[in-house]
Amino acid sequence: MKILFIGDIVGNLGLKAVSEYLPYLKDKNQFDFIIANAENSAPNGRGITKQAVSVLTNIGVNTLTMGNHTWDHDDIYEIIDKKNYNIIRPANYPTALPGRSYITVKLGNKNVTVINLCGQTFMDSFNCPFAAIDDLLAKIPKDHYIIVDFHAEATSEKIAMGRYLAGKVSAVFGTHTHVQTSDAQLIKEHTGYITDVGMTGCRSGVIGMEAEAVLKRFRLKIPVKINVDSNSSSWQFSAVIIELAKGSTSAREIKSIYEVS
Amino acid sequence: MKILFIGDIVGNLGLKAVSEYLPYLKDKNQFDFIIANAENSAPNGRGITKQAVSVLTNIGVNTLTMGNHTWDHDDIYEIIDKKNYNIIRPANYPTALPGRSYITVKLGNKNVTVINLCGQTFMDSFNCPFAAIDDLLAKIPKDHYIIVDFHAEATSEKIAMGRYLAGKVSAVFGTHTHVQTSDAQLIKEHTGYITDVGMTGCRSGVIGMEAEAVLKRFRLKIPVKINVDSNSSSWQFSAVIIELAKGSTSAREIKSIYEVS
Amino acid sequence: MKILFIGDIVGNLGLKAVSEYLPYLKDKNQFDFIIANAENSAPNGRGITKQAVSVLTNIGVNTLTMGNHTWDHDDIYEIIDKKNYNIIRPANYPTALPGRSYITVKLGNKNVTVINLCGQTFMDSFNCPFAAIDDLLAKIPKDHYIIVDFHAEATSEKIAMGRYLAGKVSAVFGTHTHVQTSDAQLIKEHTGYITDVGMTGCRSGVIGMEAEAVLKRFRLKIPVKINVDSNSSSWQFSAVIIELAKGSTSAREIKSIYEVS
Amino acid sequence: MKILFIGDIVGNLGLKAVSEYLPYLKDKNQFDFIIANAENSAPNGRGITKQAVSVLTNIGVNTLTMGNHTWDHDDIYEIIDKKNYNIIRPANYPTALPGRSYITVKLGNKNVTVINLCGQTFMDSFNCPFAAIDDLLAKIPKDHYIIVDFHAEATSEKIAMGRYLAGKVSAVFGTHTHVQTSDAQLIKEHTGYITDVGMTGCRSGVIGMEAEAVLKRFRLKIPVKINVDSNSSSWQFSAVIIELAKGSTSAREIKSIYEVS
């Protein structure tokens, strides 16, 4: 089974990158399942909109994961619990909030379960993701292919999660920093891992946003309105492809993709 | 001119990685200058020791940069100002502390200036690195090859620094997260850039440290003594090679190296 | 019913302050119950020791609360679950850790329940204290006098907790900042509240620790060993006295005490 | 010489508190100089407006200090450098920003110099306030009465600054937490000190803002628009009065004021 996971899609240029590059990738690969982190897919990079869901779903993305920007755009409240939209949000957000934190999809006689979690270090105040994953793994049948999107900042927390889940899940994909790392690997010859899948969106800005505004904030420490970078039409597409074993839940191969238009 | 920059060397296994792999690399490349980030080169991964300096110098590293762990081992106070040890420390540490924040080395009729800076976001309380680099660039002659080690956590701050210095320096190499990123590139066809060069040390732990102890701290939130991982003899070597233009200060090519024993 | 709550006791001078001042206070007041935050009562200010428990228990303190320093001294593992030591630790630490997060003591025909919670803002990565208190309040009978030690940094989080629990508990006492606030009050004419009870220990240092070492760390940003201040024999004693209504669980009066030797 | 320092004024109710209570206070005291922290005096609590300056100036406030909200309202750029408006902003903001970080006012044959500084701990990324005050004190004549508004979060950093400046300045007044502390004191029998002067504004909210919105954000970790609390007409007025010696720059007495309407 071959699964594609696309890293944080930022703004309209991110959607364009998916629209332009995914068909090409699909031509070259037979994907059984496609996941994308869509926490920045709204036009302003904050949250997700109905329109973004529509674009991504139509082009063949099966499940959308989120992160610390889940609730930034009000559309989320309309779409997060819709049965026909496979959107999940981090499991360690308060239970009082709507939305699923994992989703199971049947593919032939196999089940793929996708989980979304946020880190704690250098992030907002979330509950412990290690405790959260323990709870989820107690509920999910052991023969599922389990794919975890661990949306976190600190490399130490992400690698620690990779080591913690090695042998227990099929893959741990880091997201959130918007820069792809070069450490895609199999841990314990079982679990596909990468510290960060990277960002899909404008290449010329700063993690998808306008460089000039970001620089102004860093240099002057004053409030600056920061928009998605749309000065450029040049995008980057960041993803990983994971090949899962047929007879077991282990990953056999992981490969990162970092394509620039 | 060809320069090698080795990412955060952690503990004795990090030194061993350099000892084993650098000779091989030197065989294949003609390096004019070798820089290494040595803030974790002490046996316990915190700071630098005389012994580590000796190992690295003897094997051909020309200049050592540091970071937020500069002052963790007391040896630093003996070695930081020694003329024959080319150690520099982040420029945005207080001026009351000893040590140089940049160093200029003459290579033939060319000058290479290496600068060390710390980021502010998710880091200790440092002074503004953007203001610090402005001050330094006002002092350093414009015809120097200037190499900046920007020791920082947040991808946004590092990319912002890369964009800020594009065209003004020959290279901006990110360090500190201990995970190599896959975005080595030339910005504005002038400045070599990578968000993080990555870590040189034990491959099986968490950013060089024992995985079990790190996991205990993440899961239980209690004080845990965390040692350098020495359970394994398997190292990783992370670096970048940059090729600088002869007639100008611009970089012509940047290539990342991520080698596992 | 009259309850005394003593703020963070730091080191041996803190214990001395309690030993010298509590007898005097008891002479002037008829306390039904005495609580003290003992997270810094070890000689070095980090955690609690068997010896400190012994001193505090012998002098008449009934229940000891903790905070983010709960696990700093290894003695905690021996004493935290002892029936005859009424030590509680923050409820929003992982459940895998030992210790109770609340305790109920029968006083005549009344029950006093003491709860300990940590804040999230500017603190280590704890689970949500608002969710944790919801869970606890669902378990504790509504006719108990409930006293909450909310060990937190940010004034906004502490006042928010006070407002959240107003009418639901008898008192919310903030601890952790080591400086008493002057806002002791009844919220909704029911719940005794103070943002921080303040520190009991050495007066001349910085929140109980040696001023010179703390200043060195703030000025130089280098690692500095920081000891409990023992240069001075002058202590401060910080506490609140709360008077609870007989026929209900509401507080009738709250008064802060800030005494200097 | 008698000086009044009013703590963070929040929104229109904060201005109303000053308008109603300051005349009463002036009747009872002969103030030579009045300072107020106005970083939250805009109607929405973020920054300062021309209108707020006008209200405060007309009622007799002589100098306005700011903090981390200095640049939140665009009016600041018009008023910060006006000679007839005595507004100062933290000295450890970038020098590229407009505004003075200290101001000297001649009162008879005496000079009063007011300085504004921000802390680093748990704050935005500012330059070191200890280095900043060193620089300023080297410039300001030693016979000035120097009053420092240290706008900071952590009690340790504030007390450390108080100890650092003891004997060097007439007063160090903490601001920013919006809750008055009960530790007003003279350090070394010279320097008036309080960890936080407290907030002037709506009493029923959370540090001046609507309690319900703040609670929603703390409980759900989602973006919530937080307004100044205007549900209530009940204000609090927080300030300190300091009496300075005639023949020297030392403080003779400090007294805190915490008045509720």
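Note that the chains are named A, B, C and D in the order they appear, and that numbering of residues resets to 1 at the start of each chain.
Note that a contact is a pair of C-beta atoms (placed from the backbone, for glycine too) under 8 Å apart; a residue touches a chain by one contact, two chains touch by 3 or more.
Which protein is which chain? UniProt says A, B, C, D = Metallophosphoesterase.
Just so we're clear, the structure is a prediction, and the values are computed from it rather than from any experiment.
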{"item": "Copies chain D (Metallophosphoesterase) and chain C (Metallophosphoesterase) - interface residue numbers shared by over half, same or different", "value": "same"}
{"item": "Approximate Å spacing (C-alpha centroids) for the pair chain B (Metallophosphoesterase), chain C (Metallophosphoesterase)", "value": "44"}
{"item": "Chain A (Metallophosphoesterase) and chain B (Metallophosphoesterase): spacing of chain centres that average the CA atoms, whole Å", "value": "30"}
{"item": "Distance from chain D (Metallophosphoesterase) to chain B (Metallophosphoesterase) - Cα centre to Cα centre, in angstrom", "value": "42"}
{"item": "Multi-chain contact sites of chain B (Metallophosphoesterase), meaning residues that touch two or more partners", "value": "94, 125-126, 128, 131, 219, 221"}
{"item": "Graph class of chain-chain contacts, one of line, ring, star, complete, other", "value": "complete"}
{"item": "Touching residues (chain side chain D (Metallophosphoesterase), partner chain C (Metallophosphoesterase)) in the complex", "value": "122, 128, 130-131, 153-157, 159-160, 163-164, 177-183, 195-196, 198, 206-207, 209, 211, 214-215, 218-219, 221, 256, 258"}
{"item": "In the complex, chain C (Metallophosphoesterase) residues that touch chain A (Metallophosphoesterase)", "value": "94-95, 120-121, 125-128, 131"}
{"item": "Of all residues in chain C (Metallophosphoesterase), those that touch chain B (Metallophosphoesterase) in their complex", "value": "70-72, 93-94, 96-97, 124-126, 219-223"}
